[in-house]
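What follows is a short report on a single structure.
The chains carry the letters A, B, C and D, assigned in the order they are written, with residues numbered from 1 in each.
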């Protein structure tokens, strides 16, 4: 800091020289967005952090130091919820990243009924969570559900998808993938169509097979899309609770509780201070996992 | 503005009559618009629409607009948020009992203590909408009972009697089981339905420990250490162990539970009586075969019903027109208002308004419930006597009812949950 | 009109100095080529001229305007990028006319100028195409056309031909030359390819390590490179070098030699050299001839017979690889010992500091 | 053989998507046309009787044509929010991707925070009341913009990385000022990702129900997701009407998708980079 100031004083001429980047990409372009985001999201969110240190009923708040955090870490099923959160995030984002890419490659290749298929894949994204929840609760019914009835036809005794304690979380994860893969696919499609056609033409002349084209052109060039899908679905997976809430409410018992649903339950119960503390903990957890990931991915994008 | 008006009134020599006569034309002539926030619970909207229609007919210059909110925890949050930010509608419906305390009634609501229409409201209800000597709400709908809805056709077929004790109930179950019917329907996909054995057992708890609620609030009585209180969990476990439930208990929901009961697949469905209107609508032909009895305890002599008070209608301090809002509350608490409600959704329990009787043609399940009230064999559920209700109860009861957790550890876990709630409420002694 | 003047231009990225003080004057209408290996700072210098990089210190004058803080659009320059940087969503005509659109030029003027440029480049029939529908050479021309339309005082080219195949490159080189004559504008051209530099430039500026090594007409650079670097960089194939020691020196000549090189006398005046000084001797491959009594003894590694000339790769006793380009078809066998000779006027000597002893002041 | 190769893939893809994606969809349609009793059985069965018109009319008319009001409100909110979001977050993504300075990691962090931290409702309402934008459509629009900004910025930034900087420089030399550089050169090249952002955010905002619930209370302000509460409550649900409602509110975003899907054409940026 001191050095910079000294430098500016010693070289008054330098301060006149405009930063080229600054004039090409002036910071005022960020102002409208920064104003909306800063005022309506960051400011209230940061002020709310204070409430994590209070017993807060919305009507009154009483400062209680770190009691909420202590209480939060004493949640009886917190450890299990933590494990569930990480499992859920990895399973869903992993599947979305891979299946989304597969579907996108398929849906950008010349297929009959391509538009129809794109719509079909995207359709689940449009259906409200409530609808998805009810639909799959019914389809996954252990005895009368279509899924197990179909499995029974080929001689498999289907599991109790949502009612088995060891399976419920994974079942919800599968439904989340079903619901979210369309989004990943659309992002991937945007990435794939952004790849100049020349590359494919050149590689075709070079005699590349479809797999080689995928491996050496699509895969490296679709990276920005892939990183977007990774980061969005991973953070989304860590924070998801709405689908869990509509499908299992964290059950049976507490077996499919994740951090976000634990926090949400506290919020629903009116434990506002405690749930704010829980959000802070969840935020730290996500930040610890996602920020390094994001930095890593960003570096890869920039050095492209 | 308010202050000025008040001063003016005082300057006129405290002539209340004059003030009223000034105020009355003010809304008799002008068009008054009120907003009313109601939840989307069973028949809540129907009741609200009926009340509004009846009131607007009487007062053509008033129009009341309904706004719907979700129920449950999300709905509670909306009510709290809107009250805390001063954005509540002119009138709103909200829970009575423990949950009412969470919206800081003294800070946010207009007291009704001195309103003449409160004389119409039965004491049983007034007590669950009061804090520090002030009353805040009028009843919205009828009182409910928690117990067992049963299929009387099965009872008739097997020659069974309504059980007065738990043992008798289990014997009935055994007979029903042998006859090939499902003795007890459980529907844990909607986990709230799993709590009835614990919650509706509270009448029996009070028989054994009359001061349980008070000691529980004061951090003295615990589910884990009270034999009577733990029985709810034990009975839930016993039903599962005996294999009396439907096999797909963990995959079914509430509607399917009602369907099984109506279609004579299952004999008992532990439930609160607010299910009755739904049965009437969906199974008009079978509803006459559905009866109701209180959750039996150990002793036939002290058999009684745990009751749920209806929600209340409240006026926030931020209301745009207190006079008209009060007038409307007075209407709800009148026999006229009560009858409008009965017309709308039928009579599925005693309305807590003086002089508002039930018609004679109520369905059997309601008829079965009424004697408990008439004979005074009722106690309110714990949530109406104590501000503390642990939020995780339904998940714990699912675990017990599915056989994952034994009753003792469930009781302990629930005590832990209760402690969290009490601490969050900032109660003394926790 | 407008020439271009750089006074002690410097550029640093943090602690790294990329341009270490460049002084240069370019006349109006001159075709100047910046040449040097990659990383030498030639592109940076060009981008500083364009206004795409800040100038850390020094002055940049275009015409009589001090341009250090002037926005690129106001510098009277146009630039052609290595990757062409065509706007993919615009047609050729729109690409051409984009700068005029931005300047809100009247429609007729825009159309006229676009048409003029298209005529110059003979691409009137392609005006409605999108860049993706063009071949590499055509895209290159669109990039040039975009510059022409601006009627700049200075054209800047950043390795514009490096993405073209060899044959196309030769064509485009000629077209650029023609274009320069036709437009008479100042052009600054950056390349790492010394052949492009030699063929196009009125003047070549050789850069290395952020400094100007030498500037001058191509043939002067070829004949009298200022230092080892320029000597090695200009001319193809590369000049051959070997270390030598001064055997004796007088006012007009010096005799140098080494273990594998028979002493040779090189005319050189005005130099004070001591016996035993280490120098570097440089000989261009073209000036070597086979001579049984030649001073240079080598072993043939590889012979390329091209008919009109023969390229011989040979090894000195030290192991240094040399190259000779002999005129006519000469038959040599691999492994054969051959003596080479050169005229003493064609031999260059470089001092310990790398400078050409004949030209250094 | 080549026929199999050519169409076999298509056939397999269609077959799998039909099973995985269409079966649940058919379920929703079936539910939407059943009568209440059959829908209450909650199974995947052929409707015993079809109540398309009846259910449709009932859903539309419910609560005084609330669905119509909700359609209008949701459309206004969605269109304005998405338009603002696209422009603002593309700008942010553009500047952030192009300009790397010491503050970039901090901005990155704050943007990620938008994905990681749930918003605080009560402080936000208090703030909006002070700004006078609580309970207003434009207030909710700004909220939707703020809450969905992070997602869009990340999407845009990663795609802007694929646009060579030389294009910016060419435009700068052609005389573009920052805004014209962005609107005339960068934004048109972002078409595929812009379409994606439009589709995704339209869905997110059209389907949002929590934020309108808190920030835009009032019956006249209802949005489409809130209409679901007409038929679904904590204890009782009229499934046939609920699903008819779901179907009806799913159609507008589906139309948006179908329309924009056609805009995603291959090879948009061909020729931007090397030949």
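Just so it is clear, contacts are C-beta pairs under 8 Å (C-beta built on N, C-alpha and C of every residue); 3 or more make two chains touch, one makes a residue touch a chain.
Chain labels with UniProt names: A = ABC transporter permease; C = Sugar ABC transporter ATP-binding protein; D = Transporter.
Remember, it's a predicted structure, so these values are computed and weren't measured experimentally.
Of all chains present, the one whose mean CA position sits nearest the global mean of protein CA atoms is A.
Averaging Cα coordinates per chain places chain A (ABC transporter permease) and chain B 39 Å apart. A separation of 91 Å divides the Cα centre of chain B from that of chain C. Rounded to whole angstrom, the centroid-to-centroid distance between chain C and chain D (Transporter), based on C-alpha atoms, equals 55 Å.
One simple way to say how far apart two chains are is to compare their mean CA positions; for chain A (ABC transporter permease) and chain C this gives 52 Å.
Among all residues of chain A (ABC transporter permease), those that touch two or more other chains are 23, 58, 141, 144, 196-198. Residues of chain D (Transporter) in contact with at least two other chains: 42, 122, 126, 172, 232, 239, 267-273, 275. Annotation for chain C: residues 51-52, 132 touch two or more other chains. Contact between chains, as defined at the top, is found for A-B, A-C, A-D, B-D, C-D. By the touch rule above, chain D (Transporter) contacts chain C in their complex via residues 164, 166-167, 169-177, 180, 184-185, 188-189, 191, 267-275. Interface residues of chain B, counted against chain A (ABC transporter permease) in their complex, comprise 72-74, 76-77, 80-81, 83-84, 102-104, 107-108, 188-189, 191, 247-248, 250-251, 253, 391-392, 394-396, 398-399, 402, 404-405, 413, 416-417, 420-421, 423-426. On the chain C side of its complex with chain A (ABC transporter permease), the touching residues are 51-57, 68-69, 71, 132.
Of all residues in chain A (ABC transporter permease), those touching chain D (Transporter) in their complex are 21-27, 29-30, 32-34, 36-37, 39-45, 47-48, 51, 58, 106, 108-109, 111-113, 115, 117-128, 130-132, 134-136, 138-139, 141, 144-146, 178, 183, 186-187, 189-194, 196-198, 221, 224-225, 227-228, 231-232, 235-236, 238-239, 272, 276, 279, 282-283, 286-287, 290-291, 294-295, 298, 301-302, 304.
Chain D (Transporter) contributes residues 7, 9-10, 13-14, 17-18, 20-25, 27-28, 42-44, 88-89, 91-92, 94-101, 105, 108-110, 112-120, 122-124, 126-128, 131, 142-143, 145-147, 149, 151, 153-155, 158-159, 161-162, 168, 172, 178-179, 181-182, 192-193, 195-196, 199-200, 203, 207, 209, 225, 228, 232, 239, 242-243, 246, 249-250, 253-254, 257-258, 261-262, 264-273, 275 to its touches with chain A (ABC transporter permease) in the complex.
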